[in-house]
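Okay, so chain A shows up in both of these, paired with chain B first and chain C after.
Here is the complex of A and B:
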């Protein structure tokens, strides 16, 4: 009697260890099918995309669990292969909700030093995956057969073709309009009040005998808006050299300071007044946003600057600077490509260069055919985009088709 | 040569970056990563120039302008104290070190104070901007009033109507204007970049 009791206990325990809870034996939950592991396109070569058909018991599936064989670095032995492994060798890499039948594994695409991670997806080498379903009550299905995914490095980003095409079209149009402008054909540029008032603002400071402040923003020298700011700085410096008005340029980046010094020095040379150039007027304050603002605001209040220019990349400090300048009664001209800061500048400064107007400054101020031509090309592309937008809306509204949308959307 | 070499370097680096943009392969990404690291290296190498400039202008100011002397002294003392407080790596990284305490209990509150002034500056700028001197300014004033009303509790169905109208303002005319600016900025940036690559735009190097 005691022996038969022990037998039954052992039988129950064995059933517990080998039963469906570990997903190794028979399960009444159907597994997902047709698992496919494919390379993720347009990546650096460490991504595999898994797709599968849902379980026949899809309504019971709470989520699908994704397993893979861990990555083994070459110096630790040959890669693991499914036929040489047992269940414990497989690692769970993630899970997706029951209604989802896809999973992307990209360890190594974004992480530096990911080779030490067992979940690392090697480039041009096989990675083995399998998937199983789990029901809400904890029942597990069997695994799908293991599949191989080979991540490949791609040499062309197909989703960036549209950017490349527009850059080529723009480049070709630029060359065409430069030639046209060089032949002497008149190219119209609409008046930009912020730029046409620069001379007036400098003149005002000169008459008042007070300095001019030029703020290049809190961006870096690697940003286009900052470089555009230098174009205007060059023009302002040339004028201040002529009028012998002090020009103060506090900067937040040592590289920008070096560039600003070179720009202003060249402008003073160009104006024939290198003797008036004072390198100490271009100085570094702080790379931190608010200490920089505090120093510039203090400068405005103490030096009583008559004219303030804000040209470049600005963040939360835009209104702090512009309002301080407004309090001191300065005439203020601003320009930025940051959409979020434009309303603050519009509200607090006298003239604002909105977005692309900042980039147009060099062409507007110099009236050089080489600079005016690209501006016209830009306008042509902008008109084409506008036309496409209008036609796209009409097409979708009237004809209920999306041909134009598919034309410009990356595939 | 003084201008040609930098312009050639700009062209070369620019072209490499354009090619890199359309090549997602690991080699290309590694190149991009290294170029980004190089920018950091340049920034670090330039830092002593910045520090020298800051100290020079501060000392000059302290010498020439007696009224500025106190501020200059505070800058110099602050600079020296922060350097000494961060001489050892663990002094800088430990959350209880002098360096961290100076940062967390002096610099951060000072920055927060300055940032909080933005609220008052927004009020004063808005007061000036919302004066209905022209028809467009009047439209701005009315729109701002309607949008602000959304934040005020109102009885139904006014509240729902207002919320729907504000949503329309933000998602249709406001979004259209924002996208128009963004398209202009995008095209302007591409045009400006091509001008830089071709050496047409040279003001950042001190002009012609």
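Here is the complex of A and C:
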């Protein structure tokens, strides 16, 4: 009995000291008002934008807390509705500083590992939100009334019209110049230093009786630089077929190997020497960067390649390859569009195709209207870009407006 | 050092010997390098095969189709199977459909991204007002160098006259940029070498501490 009495006394004392729970019942901190939940435009439909008016006690608010009802998958029952819930059903999704009156919730994953993701924002279905304020001393305001946000997916990103316009103009110009080239009209392409050395380099390997190495880089078959590399590979393969010089093409990707085999085989057929084509000379090594490099470096030393071509996408391996080739005394011609790797090729190889020169080289060699036409179109777009840049700077300097800059703002 | 177990020491020694074998390439090609090179290629190929099996075949074929009933995953699976027809002389052409789909969809994804990242962001960053300050002067120099560098990449016009002058300045600008990039990366590579040498130093200390 005495213990029971003591328990009740302690309970009453504790209740007296703690008072009413903070944020529950009446609070002297005014809540935010006019909460609005709207769809985030130009997205896949898994985002809701919340905005509200600040609390009347804005100076006391340290931050606003955002709560929502958790997502319930259809197989677990109908979605939770505010009137059927208690405070514990709501979960906090984030908080923003007192001066901020907006919050965006974006979540497209229905699961986290094997568990359902309660923060998932379903498309075309309601998600309920409410917000409250918290003062620096921990005082909580009441919640705003719950509001409904319905996320909607959009097929068209209205803020990316500038990308569409550039793609459209470039596409139209390309088609125009391709047609022009197909009609037989001459489109001038300036000679590219390094390309003229390709024949010389192949001739050197032939004279020395040593193989030629062609490295397509460590990118994927879908990358533009790799595709340009294939065009140059075709040209080199045609020449090696003519001179009967072995051509080694080690690759780091199975799809690239298939394409390289097709390219070389076609080139040998074109040269009228299908009998010289050896499919075993185009081989897969490893998909991982440095083992691939180690193997190619070993290949250079053992096969004593007289000429090395590096054409495509390169990463940290560029200098390792070019250095090893330099040690073996090979003549080396390189080309990549990776700006960070060009310095190494410039320093360690004999000739380098810098950036876009790689694409131009493939057009120059192939003289195919489908390659020459786009090159001319690109030049025109480049000229337009330069004009826009100059006009944009002049506009901002002279007129103090940003109309041109706003046109090309990326989103 | 005395607390290092023999098992730890064994594996650290293996790593150190492999490092030395790789470095031996700097002298000349030799059996140790050849062995390590093949070991590395073999291990990574095995690792990559299993990784692809789990991340591609299991996660993208078996789980969606057979466990989650997402039948539309059959379409890319069929395209993947078509790649194997490459091995057949008669039906080898079927592999081209997969390749065409792969190249086409990748290019379609890349083009808008490239326009945004390589054109819009660069152009947006290059446009600003010229101010009568030191920073404004630097901006004018950088802006002119940018125009000259871009003019070097005009391919359908002969580099003569004004274009000849601007492209010449452009290639000098590019070389200055490449030199800076080269120096920066070489410093990074020296740091990597330092890390490796430090590892070998620790290994020697470990061996001395454990054995003696």
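Basically, the second predicted complex is superposed on the first by the 373 of 411 C-alpha atoms of A that agree within 3 Å, B and C clash if a C-alpha of one lies under 4 Å from a C-alpha of the other, contacts with A are read in each partner's own complex, and residues count from 1 in each chain.
Definition applied: a residue touches a chain if its C-beta (ideal position, glycine included) is under 8 Å from a C-beta of that chain, and two chains touch if they have at least 3 such contacts.
Here the structure is a predicted model, which means the values were calculated and not measured.
Chemist: In the superposed arrangement, does A:160 touch chain B (first), chain C (second), both or neither?
Modeler: both
Chemist: Where does A:288 make contact in the superposed view: on chain B (first), on chain C (second), on both, or on neither?
Modeler: both
Chemist: Check the residue A:253 against both partner chains and state whether it touches chain B (first), chain C (second), both, or neither.
Modeler: first
Chemist: Between chain B and chain C, whom does A:43 touch in the aligned arrangement: first, second, both, or neither?
Modeler: The first partner, chain B, only.
Chemist: Is the number of chain A residues in contact higher for chain B or for chain C?
Modeler: Counting contacted residues of chain A, the larger count belongs to B.
Chemist: If you stack the two complexes on chain A, which partner ends up touching A:169: first (chain B), second (chain C), both, or neither?
Modeler: Touch status of A:169: no partner.
Chemist: Determine, under the contact definition given at the top, whether A:400 touches first (chain B), second (chain C), both, or neither.
Modeler: After superposing on A, A:400 lies in contact with chain C but is clear of chain B.
Chemist: Touching A:390 in the superposition: chain B (first), chain C (second), both, neither?
Modeler: Second partner only.
Chemist: On the A-aligned overlay, A:188 touches which partner chain: chain B = first, chain C = second, or both, or neither?
Modeler: second
Chemist: Which partner does A:358 contact after superposing on A: first (chain B), second (chain C), both, neither?
Modeler: first
Chemist: Let me check the overlay on chain A: which residues of chain A are in contact with chain B and also with chain C?
Modeler: In the superposed arrangement, which is not itself an observed complex, chain A uses residues 160, 163, 166-167, 220, 222, 224, 227, 255, 258-259, 285-288, 290-291, 294, 298, 302, 319, 339, 342, 344, 346-347, 354-356, 360, 375, 382, 385 for both chain B and chain C.
Chemist: Note which residues of chain A are touching chain B in the complex, please.
Modeler: On the chain A side, the touching residues are 42-46, 112, 123, 153-157, 160, 163-164, 166-167, 170-171, 174, 178, 220, 222, 224, 227-228, 230-231, 233-235, 253-255, 257-259, 262-263, 265-267, 270, 280, 283-291, 293-294, 298, 302, 316, 319-320, 322-323, 326, 337, 339, 342, 344, 346-348, 354-356, 358-360, 362, 370-371, 374-375, 377-378, 381-382, 385.
Chemist: What part of chain A is in contact with chain C in the complex they form?
Modeler: Per the stated touch rule, the residues are 160, 162-163, 166-167, 187-190, 192, 220-224, 227, 255, 258-259, 285-288, 290-292, 294-295, 297-298, 301-302, 319, 339-340, 342-344, 346-347, 354-357, 360, 363-364, 375-376, 379, 382-383, 385-386, 388-390, 392-393, 396-397, 400, 404-405, 408-410.
Chemist: What part of chain B is in contact with chain A in the complex they form?
Modeler: 18, 21-29, 33, 39, 42-43, 46-51, 53-54, 56-57, 60, 67-68, 71, 107, 110-111, 114-115, 117-118, 121-122, 124-126, 128-129, 178, 181-185, 187-196, 200-201, 203-208
Chemist: Which residues of chain C touch chain A in the complex?
Modeler: Result: residues 22, 25, 28-29, 33-34, 36-37, 40-41, 43-45, 47-48, 83, 86, 95, 99, 102-103, 106-107, 110-112, 115-117, 119-121, 123-124, 126-130, 143, 146-147, 150-151, 153-159, 174-175, 178-179, 181-182, 185, 189 of chain C touch chain A.
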